[in-house]
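There are structures below to look over.
Two complexes come next, and they have one chain in common, subunit A, joined by subunit B in the first and subunit C in the second.
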Partner chain A sequence: MKKFQLSIVLLTTLVMGACANKNVPQQSTQIYIPSPTVVKYGDSQSIETVTADFGSTDLQTVAETMTRSLLQSKVIQNSISAPTVTLAEVKNQTTEPINTRMMTEKIRTQLMKSGQVRFAISANEMQSQVDETKRQNQSGMYRNDGTAKPSRMEGAKYRITGTISTIVKQNRDMKDIFYNFNLNLVNNESGLLEWAEEKEIRKTVTR
Partner chain B sequence: MKHVKIYSWLAISGILTLAACSSTSTFKQSAAPVESNSSFDTLKYGESKQPTTFENDVKTKITNLKTIAVTDISFSQEFKNAFYFEENKIKRSDAKSESKSQVTPVRPFEPIAPATKNNDASEKPTPNIEQKNQYDNKNIYMHNVGFMEVQATLVELPSPTLPPEAPANNMKEESQQNNSNSNKSEASNSINIEHSYTKKYGIERKINYREIRGLSGPIKGMLLKAGYKLVQGKPNVARIDQNDDYFDIIKRIEAGDFSGADYVLYGVLTGLTQKNHSSSITGTVNAMSINDLEIAIDFSLIDTKTHRVVASFIASGSATDNRIDGEAEGYKPNTTKMVKQLSGNLAESVAYHLASQDFITSEFAQVSSPRVIPGTDKYRYDESNLRVYK
Partner chain C sequence: MNRTFTSPIFVITALVGLSLLSACNTSPAALTEKQKMTTRMGDTAAVEVVDMRSVVRNNLLTAQVTVKNWGPKPDKATGEQKPDTNLYGYRFKWLNASGMAVFSDEVWKPLTLTRDQSADLVGIAPTPDAASFRFEINQYK
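On to the complex of A and B.
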């Protein structure tokens, strides 16, 4: 009986000791050693196919197509001086969170580089314009002759509006996404649609 | 003999010297346009570098200068005011005295109490007795005149104490007094009292004839620049009994108001609009307080000799004094700045119309050419622009 009791005590001591030994190495492995990562600069123009979502390649394709088409339009070609344009809303009618502002701004940059179009600031950028004008004119800190006066902004003759929409179809093995990007140039005074262009992109994912 | 030789030598040498001088002057003239035969590029002056004939032009212009007078802007302003007049008369036949009082009688019917609104002929006027002395009968057009006479005979009225002449706004009190007279009619002699009540109301129309001064300065400046001489005309002061002959410019020309002027630029105000409102600025949290002033003037340029209208147009001018968040800050528009802006804008419009009707040359009508943007083909092919070759 005594032997049995002694063996139980020893066993318990061994188990506890084993547990205690197990805890010690755990505390020592708390120092996190990250797995080695590699940072690379890639080609910004290379085709990106990580997922079927709207990506950088789509953005570049759309911007290039739209810019080329707009610069070849009669409105731009036949105008005496560079017409003033503003960016209006491009509605995202897809289920994806697409930053449409980034698309239109990319188009704006490319059009500006051409020198054939002048851009007036859009409604989204008005707050900074108003703040600056107010600061110059109403803070009392600036000379009158050098300040940017209010009510002297130049209104845009045209505005760029558009939509991006998708048709998504999928089965167990395949997913098909059809993007349709539509851009319009509207004459602000007459309300006439002076130019329109669309770009279609199809992307398929198979298992 | 020696003297003769000396004189002859002197004469010959003098002739030769004169001939040499004359030949050098001709040589200079002829040598000026000669081009060098060197192989280097020659520097040539184009036509723009030639001596200008500006002085001659100015001389011819000065001899042909016409004189012009610019009037101030005439206008008429019509006022419509409501008036109301009410009078009571009480006549006693036995007391050998006649008294007048403005007492509200015991009326057989309630008089109409007109609404309190001006400038609306369709509505009935305000009961304001004090207005009656302000109006000139000549200019009063009665749209509606009410007249009512009440005669009443009271028997055995005990020497009524007639109320003194009381102010018109004491109506309620007067009415009560009259009633008390009636109550005292017991145990008195027979007195014949004639009681009359008159009420007049209507719309008074009044027209003021005036001139707006201080707008024609920039127009005069523009005409001076265009090469005209200016004559200051006499101001057009309205008479007391002024009517629409205030706008008879021919009468003023013949009266010698613009003596010495070949032309008179005569302007009559067509419209004047002032707008003050606040509007939110889209895409911001701010609002713009907008203060606009616009004017339209009908101008006629009249030849003072033939009385022909040489040019005629409506010129307009506008001025704004906008302020971001002005309404919240209680901003008051700067009218001085606005009037200055307005007159300058008006002068530009006048210059444009005079040029379009060939009265002045278009160089004085500052017609702005469309701006050409750097980077465009138009800018690139325009030789007047700076070019950078790489």
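On to the complex of A and C.
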């Protein structure tokens, strides 16, 4: 009988203890502690293979290959003075969202840095040129001798056009992306294609 | 005569010392021109620079480096071929007549060579100022 009474007392104590735990005040809001992160600088020229999408290494490689080839072409090297060139925006013929403006500007900067060509502004930048000339000449705020006169722009002898396209094939275990980048130099007066170069890049992803 | 200088211990010590000094004096095997012009980073021992040449074409220095990937050496104990998992990148560094670097650094380009495959890597200088070049190779994975 005593054992039975003892077990009842123990059970009651346990139940009471369990109920008592419920009364412990709990935090109503949880504090989010983010996992520790590491920030560091990296080499901007290093090989990037995060995904198979068009990346920084592809952009830099394409710009480098194209500009070096163009600079070595007879059209550029046989010119008495640095020829004037305009660069149209590279056309993206892939299904990927590629920033072709970045590519165009990279090619132009590399060519400019070589000192072998001079760039006339492209069709995309024409509006800002017109606006600035108008502002200087029509606002009445500038001295006449210091303004940029209209009809003094220099036309480009050559224009550079480019396209980037892809062939993508994939199955359950593998994806293959083939990039083909083309750049052409056209004589604006004669319409002759003076130089062309292509760069092919193959990237594969396997599971 | 002082006995210290004629003792066998002294003579042996002196001989050993002289031989060590002469060993230090001998210069290590002279680097070849290819080795001098190549900068290696990481484990790139499997990639051999077979040939190096340059020519001025249309006013710009053009370099050609022939490389061969021998792949990792087989396991010493079992003789088994290890898988060729290393990935390499390369680039050219262009120098002017004074040895100063011209233009900004090139991008590292992936070297896509399977075992026993060789390739001619061609680089074109970015400006006519470039008079010589260095070949840089690294292991990026």
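Criterion: the second predicted complex is superposed on the first by the 174 of 207 C-alpha atoms of A that agree within 3 Å, B and C clash if a C-alpha of one lies under 4 Å from a C-alpha of the other, contacts with A are read in each partner's own complex, and residues count from 1 in each chain.
Basically, a contact is a pair of C-beta atoms (placed from the backbone, for glycine too) under 8 Å apart; a residue touches a chain by one contact, two chains touch by 3 or more.
Quantities reported herein were computed from a predicted structural model and do not represent experimental measurements.
With subunit A as the common reference for superposition, the partners subunit B and subunit C occupy compatible, non-clashing space.
Using the contact criterion defined above for the overlaid structures, shared-chain residue A:Glu89 touches neither subunit B nor subunit C, since it reaches no partner. Of the two partner chains placed by superposition, only subunit C is touched by A:Thr57; subunit B is not. In the superposition on chain A, contact is made by A:Ser81 with subunit B only, not with subunit C.
Shared-chain residue A:Glu198: touches no atom of subunit B or subunit C.
In the superposition on chain A, contact of A:Gly115 is made with both subunit B and subunit C.
Contacts of A:Gln72 after superposition: subunit C is touched, whereas subunit B is not reached. By the touch criterion defined above, A:Ile47 lies against subunit C but remains apart from subunit B after alignment on the C-alpha atoms of chain A. Nowhere in the superposition do the C-alpha atoms of subunit B and subunit C come closer than 8 Å.
Under the contact criterion defined above, the residues of subunit A that touch both subunit B in one complex and subunit C in the other are 115-116. Within the complex formed with subunit A, the subunit B residues making contact are 281-286, 288, 320, 322-325, 370-376, 378. The touching residues of subunit A, when paired with subunit B in their complex, are 80-82, 115-116, 118, 122-127, 130, 133-134, 137-138, 150-151.
Contact residues of subunit C toward subunit A in the complex are 57-60, 62, 87, 89, 91, 103-110, 123-127, 140-141. On the side of subunit A, the complex with subunit C involves touching residues 43, 45-47, 49, 57, 60-61, 64, 67-69, 71-74, 77, 110, 113-116.
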